[in-house]
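Next up: the structures, one after another.
One chain, chain A, appears in both complexes that follow, with chain B as partner in the first and chain C in the second.
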Partner chain A sequence: MQARPAYLPYLLLAPSVLFLAALFLYPLAETILLSVRTAEGFSFDNYRRMAGDLNFASALGNTFLLVGVVVPLQIALALGLAQMLTKITRGREIVLWVWTIPMGVSDLAAGLVWLALLTDRGYVNSALFALGLIDGPTGWLSYETPVTLFVAIVLAEVWRATAIVLVILVAGFGLIPKEYGEAAEIFGATPWQRFTRVTLPLLKPSLQTALILRTVLAFEVFAVVFALGGRNFPVLVSEAYVWQFENQSYAVAAAYAVVVMAISLAATAIYLRVLRVKPEARL
Partner chain B sequence: MRKRLIASAAILLGLGFLPQAQAQETVFMSTQLRPIEEAQKVRDVILKGFAGQAVYVTEQPQQLNVRMRAEAAAGRRTVSVIGALHGELQPLQPMGALDDISDVATKLADRGIPANLMNLGKLGGSTQVYIPWMQATYIMVANRQALPFLPAGADINALTYDQLKEWAKNVRERTGQRRLGFPAGPTGLMPRFFQGYLYPSYTGSAVSAFRSAEAEAMWTNFKDLWQYVQPNSTSYNFMQEPLLADEVWIAFDHVARVLDALRQRPNDFVTFPAPAGPKGRGYMPVVAGLSIAKDAPNRAGAVALIDHLSTARTQLVTAAEVGFFPVVKADLPADLAPGVRLAANAIALTQNARDALVSLLPIGLGDKGGEFNKVYIDTFTRIVLRNEPARAVLDREAENLRAIMNATAAPCWAPDPASTSACPVN
Partner chain C sequence: MAGIAIENVRKSFGSMTALKELSLNVEDGEFVALLGPSGCGKTTLLRIVAGLETRTSGRILVGGRDVSDLPPRERKLAMVFQNYAVFPHMTVYENIAFGLRMAKADRTKVERQVQRAAGLMHIEHLLGRHPGQLSGGQRQRVAVARALAVEPSVLLMDEPLSNLDALLRMEMRAELKAVLREAGTTTLYVTHDQTEAMGLADRIAVMHGGRIEQLAPPMAVYRTPATVFVGSFVGAPPMNFLRCQAADGAVAIGALKLACPRNSGEIVMGVRAEDLLPATAGTGLPFEVRVVEPLGSHALLTGTAHRQQIRVVYAGERDVSAGETLHLAPIAGRICWMDAADGRAIEGTT
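So, the complex of A and B:
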């Protein structure tokens, strides 16, 4: 067989690298440029406008609150589900398949589904009314009910996006050799000890992947929030959208985009650092 | 057929090229009714019965003045009639692209176009520059179930904001539900309510009196009214949906955004003009006008075409086909769809109201239109939803408004008194 030339791998990689550079790095550079360019030259005016805006503080606060509640909930839920899944053999695929159905639903569609459930005359209120628990249309999603609105958004996000965490963790569980758990059991470890001392540490690489993916996506949350909360629950990306399309100020929208990116990068860096797995501890 | 093909080809090429206009042809270019179905309705239905030969072409609003300028520079005019919104025609006037059509106005004097609309067609000068063509505007719609709660002595067709508040209050007290609704959702047209209705009615202005004492009183009143407003209003984009769901009984919105409700259940709804305040009944007509281009290749054909489009019959056909309503006096035919009739009635009542105060869509803001709207919606959010003190909010938002006006140098539009430079925020 003829030896492959040394440049062949690079040649084969080139299209994808060029593709990403053209459609990711270039727009990224353009976005950053757009956010710092003003009529007078380069400045941080657009960032000042963003920060001085009525909705900026609440958008920032809401985004962090949502990430802070949704991501841990999803990780905990997915851990529980994945753990349960390891205990069954028959029908495991079917259960996994059912659990991952929400992954196939677009996020806007998911938002609209929850909206149909939770509006004043939605399915939830109809059921509550039939049970005699409320005496008429009751609002859950208005600016007057911020708590239920937030709970609704959390519910919808958990419903929609826990499956991706689950899939990653199920794969991670599959990689953990049974022997570790069995050895711990022989030494008298309780199930909880086995979970915290054996499973979790060995699951770290998968957890890291799941956390990075979910957190970055959670900072970019938009469609579900927009469908349920609209103007009542601004988040960073919905504000970027509003500045772009309603206020027609691309520069401020770009500033928002850069802020979201910076936060995502910072979160990723933190996870990479905190959940680092020492080379000698790898499976 | 061939001519239409050629005309279509010219549109497709987008080059502004048209075959040497033949003497009998009248090229009618419009920034309105651009979607293909609407354009086809214009060609097949609205222009049917026109004695001459009209070639209907459409143009993007932002391309209109580029095209007129280019034609003037090339010294070869192809367009005879221009149909566009008031604010789109206005910039064509200083560049000398529009002919004086006072003769046409005289000829059409018997059509019953209200004087205030006809005056808009003078663009602030003394000669007629366009003839009002068709209009849309914002109306109020109420479910018939709300009618028993009207305050005593109130005429639904001449409501004041105080009576509207009283009405909404009665509804809440008797039904336990807040059922007055506004389109204050993310893509709702609430900013137009403030710019064209509330502000003019209370201050006689939309921009210059933005932070006046009258404005402060107005916001206080509106905040008081808001306690009877359905709290989901900040999610409504089109009022036809909550109206059809019975969630809202009294609503304000653009006629096109309630038309579905009126069409589906014409017997359940009544329509009426928006309320009046101390300075009159502010209302925002979306007026499209017809102009004749200077050096039009076929002026006689253009005059005849405008005549055709301004007949009561054509105007009613236009209303039924594309949902823009008559500007002329037109008795609604018995077979008009009842939903369309409801909408047309409210529009006629609005524009003929004794205290009607015309407020125009913003003019000359270019791509700052979005930020201009934001000033109004932010002011509303701060004062009404977040309980910030009106005075401080108005002072602060006035800065933003002033910055926009200065950046665009847009002079005042009605009802603000005319200005030579950027409209001042006093």
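So, the complex of A and C:
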């Protein structure tokens, strides 16, 4: 067989790299530039404007609160579901398939579905009224009811985006040979000990992937929040949206975008570090 | 005090029957080897005893206690897995300590028993490493050490030495035997290697097609196989089986005439390769040599007798060459007569 030239792989990869550069790196550089450019030259004025805004602190706080509640909830839920899935053999694909249906629904559509359920005259209100549990239409999504609004957003996000974590973890569970769990059981581990001492450590790589993916996306949460809460529950991306389209201030919107990106990168770096598996400890 | 009693255990995977109504008693402190070819159900039986596999019917008793429906961790036994199953994310030390940690042993006990088990398996120098940095043989020794560290009263082992090279395997075999005997550990040991089974076991259970064909001490299995299968599976070379015609309670092959337990019809004569000795020409069984394999202390001859292939261990003075015809006579009392139809030893002949 003739030896292939060494540059061939690079040549074949080139189109995708160019494609990425054109559609990702270039706009990224543009955004960063936009956020630091002012009429007088380069400065952090846009960031100062962003931080000085009344909504910035609450948007930042809300975003972290949402990520801090939603992501652990999703991971825990997906771990539980994936663990249960490993116990069944018949109909496993069907169950997994049903659970992953929400993955196919766009986030805006998901937000609207939950809005239809939870709005003043929505299904939930009608049902509770019919059961005699409430006296009339009750508002849950207004600025006067921040707790129920928050709960509704968490519910919608968990419903919408747990499936992707589940799919990754199910694949991860599948990579762990069953002998490890069996050995743990023989040597006296309870189901919980087996899970914490053997399954979880061996699941680290999948857990890392799932966490990075979910956390990055959770920091970018927008459509569901906007559909359910409008401006009652500001988050970073919805503020960027407001600055971009209502205030027509592209530079401040760009500053928001850069902040979201920086947070995502930091989160990714933390996960890569904390959940890294030493080469010698790999499966 | 913990023997193992396997009572009428059956196991089917769907329509495939892996174990057919099988019973086996392992006395307290006894070492029983489950010996059989690949796929005969050894691993399945061991996993049922461990509680890792469900049985279709039957009972398992450990130390007189019915453990049939208990989860593995409550059966109080240790196991060495066929594919090691040492935890990749733990160091060798933590692997060996695992059972002790689960039992909440105190620090000094963990340290003492880990060191002891590692010493027995010659892996003290590997304690700080991860399994990923070890060879297959080293991992296997970690798996054995992990089981020994809990000082189990019942130990199940699934081909624990299969990945060691020949020399190390022989060394480990001797060591394992000494350790387990000293500790009085009841052991059920799976292997497809008959030398291993012969060397280690107090009794061997020869399995074939989901059944135990014979359960007896090693030399009894070797000398008086219960079936043609056992005779040809145990021993290297396998036992020779010659189909002969009985007449008037005897068979005559060439000049060899032997009394046999059938008056007429076909009968199978089983004789070990080393139990056929050279006889003077004109007497005994004519044997046409086809292949000569010199093996140092003796030569292994392959050839035909009575139009059937047999092997003979030849330790005589004179060199033998292919094409020659030897005359052989079996050592008295070393012949096993088998039923020609079902391949079973005929009762009361040995």
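Keep in mind that, in the parts below, the second predicted complex is superposed on the first by the 283 of 283 C-alpha atoms of A that agree within 3 Å, B and C clash if a C-alpha of one lies under 4 Å from a C-alpha of the other, contacts with A are read in each partner's own complex, and residues count from 1 in each chain.
In this section, a contact is a pair of C-beta atoms (placed from the backbone, for glycine too) under 8 Å apart; a residue touches a chain by one contact, two chains touch by 3 or more.
Quantities reported herein were computed from a predicted structural model and do not represent experimental measurements.
By the document's definition of touching, of the two partners only chain B reaches A:137; chain C does not. When the shared chain is aligned, chain B comes close enough to touch A:230, but chain C does not.
In the overlay built on the shared chain, the residue A:120 is in contact with chain B alone; chain C does not reach it. Residue contacts after overlaying the shared chain place A:182 against chain C, while chain B stays out of touching range.
Looking at the shared chain after the overlay, A:40 reaches neither chain B nor chain C.
Those residues of chain B that touch chain A in the complex are listed here as 176-177, 184-187, 231-232, 234-235, 245-247, 367-371, 373-374, 378, 381-382, 385. Chain C contributes residues 50, 52, 71-73, 77-79, 81, 83, 85-90, 98-99, 102-103, 129-130, 132-133, 146, 150 to its touches with chain A in the complex. By the touch rule above, chain A contacts chain C in their complex via residues 177, 179-180, 182-190, 193, 198, 201-202, 204, 277-283. By the touch rule above, chain A contacts chain B in their complex via residues 54, 119-121, 136-137, 139, 141-145, 226, 230-232, 242, 246-249.
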